[in-house]
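First subunit A sits with subunit B, and in the next complex the same chain sits with subunit C.
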Partner chain A sequence: MTVPLGGVLLAGAAVTALIIVLLAAVAAVHLLRGRRTSRDERRKRELMPLVHAVLDDDPDDGIPRSDVLGAPADLDEIVLDLLPQLRGSDRETLRLLLAERGVVSRAVADLSARKPWRRGRAVSLLGSAAGTHHVAAMAALLADRSLEVRCAAARALGKAGDPGAVAHLLHAVAGERALPTGVVGMALLDLGTTALPILRDALTGEHGASRALVAELLGVHGDPSAAPALEDLVRDAREDRGVRRTAAAALGRIGSPTSTEPLVSALTNSTDPRLQRTAAEALGRIGDPTATIPLLAGLADDDVAVRAACADALAALGAEGRASLEQVAAGAGAAAPDAQAALDELDGPVRRPQPAGVA
Partner chain B sequence: MNELFTDIVLGASWTVLGYTLLLDTIMFCVVLLGARRVAEARHWKGAEGHAEIFASPLTPAVSLLIPAHDEEAGILDTLRAALGQRYPSLEVVLVDDGSTDRTFDLVAERYRLTEINPRRTASLPVRGEILSVHRATTGDPLLVIRKASVGQKSDALNAALNLARHPLVCMLDADSLLEEDALLRVARPFVEDPDNVIAAGGVIRAANGAVTDRGTVVEPRLSRNWLVRIQAVEYLRSFLLGRTGWADANALLIISGAFGLFRRDLVVEIGGLDHRSLGEDADLVVSMLAHQQRAGAPHRVVFVPEPVCWTEVPETLRVLGRQRRRWSHGLAQLLWKHRRMIGNPRFGAVGTMALPFFLVFELLGPVVEVFGLASVALAAGLGILDLGTAAVMLGLALAVGTLLSTTAIAVEVLTYRRYRRGRDLMALVLAAVVENVGYRQAHAWYRLRGLVAALARTNPVWTAMPRVGFSGDPAPAELVPARS
Partner chain C sequence: MSHVLVVDDDPVIADLVAFRLGRLGLEVSVESDGEAGLAAARQLRPDLVVLDWMMPRMNGLEVCAALRSDADPALARTPVLLLTAKAQEPDLERGFAAGATDFVTKPFSTRELISRVTAALPPGSVSA
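Now for the complex of A and B:
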């Protein structure tokens, strides 16, 4: 058996050279890192007074505007870090500063850069720093070939705060280059209550994913005007199961007693245990005592999760629900353990976890 | 006859060398894929929006499930880290699986446990008897289940799943410390893409030697134990680059049971964790993928290389051998159970790439390595091996193996930078070389024994690793290194 020793030796030498290069890079980075960190900190200390001067707008500071505009690029990083923490006129002042220093125009130019990360960084920067001035250009990136860029564009549109972006964002949930619904959802939430009228209209939209998302968002906003349309979705047996579940959960968040009837109907008539469970949870949130009897009936459901949700919902109905639970718990029926567990929950509220490090 | 024998021995020798080179080359491609992904991710650093995810009402609540068997050495630290997660809504479900030490007593005392009636949310089969269920009265969202052990981690996890109430479940080993925002980072794919993501995993690193303080790794340090150092390199290579590469190819099979996040409804739908499986984590992922594929439902398994879970790794060859035998046994069970998926294009890259790779290189690898090495030794002993050629080939295999590890170390230094001391980096580099001589061969032997145990259908039993804890006597309140 012959082996091309020359080739093997050559490959070995190439691999060894690669190892040496990597090790040299590791050593160099390790040695230079400390120096670079202290240099960055020093620059930050030097540049912070400029930022304060801009924010104070005090001529007595004696810092000429030209110094601010001609400061090194590190100033832009400092300002971009500060922006999310500021509101009102301070935020606007820093936005103007970035525009004057050419940061915004460079970002606009970078929206069509070849590398995805440059497009992504550019659109993120515009979302933070450019307000509503470049919404159309940012929205165009919702159809970018890179998923990361599309996500960055959605987040940026949310931060920019222009309700005109709602339609673009909802449209981006479906199609060949669809965006993950969670990213769109967070962006739409960032837009605040100004998006509500468009969201209500979108409840009857074409795509199930989009309808489910909109239902969830309306629930998070607790929008009572959306309740009738959401109730219709829960009632509609031909509607997608996921949409019905999300609509039921949203009704629970909104908390309108008018929603009790469709939710009870979903709990008692549906064959989807997940919808039944969500409906029971929503009834518990609404707290309407007229749901007591159907919830008691739900304690006999075959699905253990439905039984648990009904017991919890009864516990949330107040005195009437608690009395019913106590009665069931005292009995010998199959639902007694669920009822007792729900009562235990009532008697021992659970608080949030403590921050790390707290003993 | 002699000639035939010589040909067989020589053929086996060259087969093992060729096989090792092929494996290293494939791994190098996977590592390159991973390195490319990591390098790209560096440009996006800071744009992930973790603060937004923490504040978002769309972020799903998580149940952290921790099975524990004789974990008194570190259980309080693990719970502190779990309960101290920066996450908007979570609960911790600890299962004391037949501990014979003070695991339960320590937790009961620290969190002032009170017995309650369990609120069941699922009816998964549990073989060990549930003895009692307790809740913390300190205000911490902690539920503790005491159950009789049947020697199966999956049984303990199924018991926890039956009481978990949140839409996502995170499985965590009882000897592990989560970094403060680990859960938030690993949950991000679920928040952003709730319709598709079914499982996500983060990075596991060796905690031995690290300086810890009440459940927090204050300063990652490398242990002085060379066995631990080699495993530290192994974990870096496997998690930072290997899994990133597999995930990039959409062929990720394993989300570590030490730290993995899953959609609870799906886990319940497939019947929970398979109590017969020793590799319950990988089996869970493959079963979920198969279930979604058959249902025509979307599915993505994501690896997030940033969030870190620190875990104790074996410090002795005996314990390491037991662990690796169990892993190999579990892999054999997994591949047998899902044999119809192997090479099946219906299951995408998992069927055509990942499962065949695991069969040929992970499961059967030790057979080739052990018998091949024996034949090399035999050939050398009989004087029929060209030692010069063999040395060159071995040198190349050694170099490629070292290159893989060096790449992982470089990515660690350039990107994640958990190990900051120069001496730790030096030790990692040395460990990357040393592991090729002795460790790799011992590892192959352990895996071969695991495979034999699987073929013999030995009854699998989950035995917990002996623990030393993260911060010990004499001053638990001080910053002390975990035993190294």
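Now for the complex of A and C:
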């Protein structure tokens, strides 16, 4: 089959023209974007003196307040960008400015907007700009029909910093419109140590998911005041297994010697190998030598992961634990390989092969 | 007049810090990346460097270490204040190991920054 030369040339010209048009379009987009960026930066530079004036300790020779309040909306963008990077009186000053400029009241009105993106944006803005005000209105969005809005509300409550939000956030980890525990956990951590008393009380809460989350957070905080309540959770055989495990791990992080007894009890008496393993790991972290004998007994456990955790915990107990491990490693019992592996790890970064099915 | 070099790739933060330090009667220069910051430090011989950690080209730790190993003993002794969001224990260790004199962690307070700058400069450098 032969193709007419004219047709080939025509097709080639069309393709070339198309490429030229596309290249021109890309160049135009770059040019416009560059101009927009330059314009935004210029506007920001022009408005920065207003931000400086607001934050200045000595406003006598500053800019009139009316100029600041009447400045274009770009000023709000600058302030909202700056807010997360500042704290103390600077942050409060900028929050007050946003309130005076009507940014906060507009966001409150937008919390009930029809479009989810507007509700999400409004609650995020309030979390940064409104401080501890409007917590109830923000918390109402934890039950929003949109998951994105619910997550935005949780993050905003964390940023707002009011410990009064703890109960709302914990309620949001259960139910039909439950939030991912990771999102709620990060928000609760953002609240900082002011939330600790409320978190301790929440260890006796209604839902297992929230009790487990609270136990984990108290462990992350390393809160010694939470140890007695966490020890009660580990002791309670009727408690959810996941909650007991999380409480045991938290006790290991807190590191109080008062926790040795309930952890030893969990290691010795529990029928849940995962709890036994967690208890052994926690005992290793606490480092109380009175756990040596129960941990040695754990080296004879049927579950290989429990034996390994006990061996590692003994290795962490110091000279006494090491001497016990050397004795076991020299013998011919089932725990000898685990004891030897734990000793090897003490002497260098040798990884014990993980048994099948052990996470 | 004492001279402070501010090195931060965020122009809003750099402007704010420069403004607040300028109000103290200090001479302030600003650079927006580590490489330019190091070059400016070698040229201007500032009395103090306020340095962001995470920056393009050269990060704050690299700049700090380069200053400390500079052939000029006066420049090698220049106080360096790290202004950074990295506030974990290992970060502080790394910062001090690189030669930082002090830390201000983000989110930060300009009042705290001013106090630390004042403490790092020779007495009388800062007007009340």
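By our rule, the second predicted complex is superposed on the first by the 278 of 359 C-alpha atoms of A that agree within 3 Å, B and C clash if a C-alpha of one lies under 4 Å from a C-alpha of the other, contacts with A are read in each partner's own complex, and residues count from 1 in each chain.
Assume contacts are C-beta pairs under 8 Å (C-beta built on N, C-alpha and C of every residue); 3 or more make two chains touch, one makes a residue touch a chain.
No experiment lies behind these values; they were computed from the predicted model shown.
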Partner chain(s) touched by A:Ala341 [first = subunit B, second = subunit C, both, neither]: first
Quick check on the superposed pair: does A:Arg91 touch subunit B, subunit C, both, or neither? Answer first, second, both or neither. second
Which of subunit B and subunit C A:Ala280 touches, first, second, both or neither: neither
Taking the superposition as given, does A:Ala227 touch the first partner, subunit B, the second, subunit C, both, or neither? neither
Name the contact category of A:Cys151: first (subunit B only), second (subunit C only), both, or neither. first
Of the two partners subunit B and subunit C, more of subunit A gets touched by chain B
Where on subunit A do subunit B and subunit C both make contact? none
What residues of subunit C sit close enough to touch subunit A in their complex? 10-13, 15-16, 19-20, 23, 106-112
What residues on subunit A touch subunit B, complex-wise? 1, 3, 5, 8-9, 11-12, 15-16, 18-19, 22-23, 25-26, 29-30, 33, 117-118, 120-121, 124, 148, 151-152, 155, 180-183, 185-186, 189-190, 209, 216, 220, 274, 304-305, 308, 311-312, 337-338, 340-342, 344-345, 348, 350-359
Contact residues on subunit A for subunit C in the complex? 41, 44-45, 48, 51-52, 55-58, 78, 81-82, 84-91
Quick one: which bits of subunit B touch subunit A in the complex? Just the residue numbers, please. 10-11, 14, 40, 43-44, 47, 49, 52-53, 56-58, 80-81, 83-87, 90-91, 114, 116-123, 135, 137, 139-141, 165, 180, 190-196, 213-216, 265, 389, 392-393, 395-396, 399-400, 402-403, 406-407, 409-410, 413-414, 417, 422, 425, 429
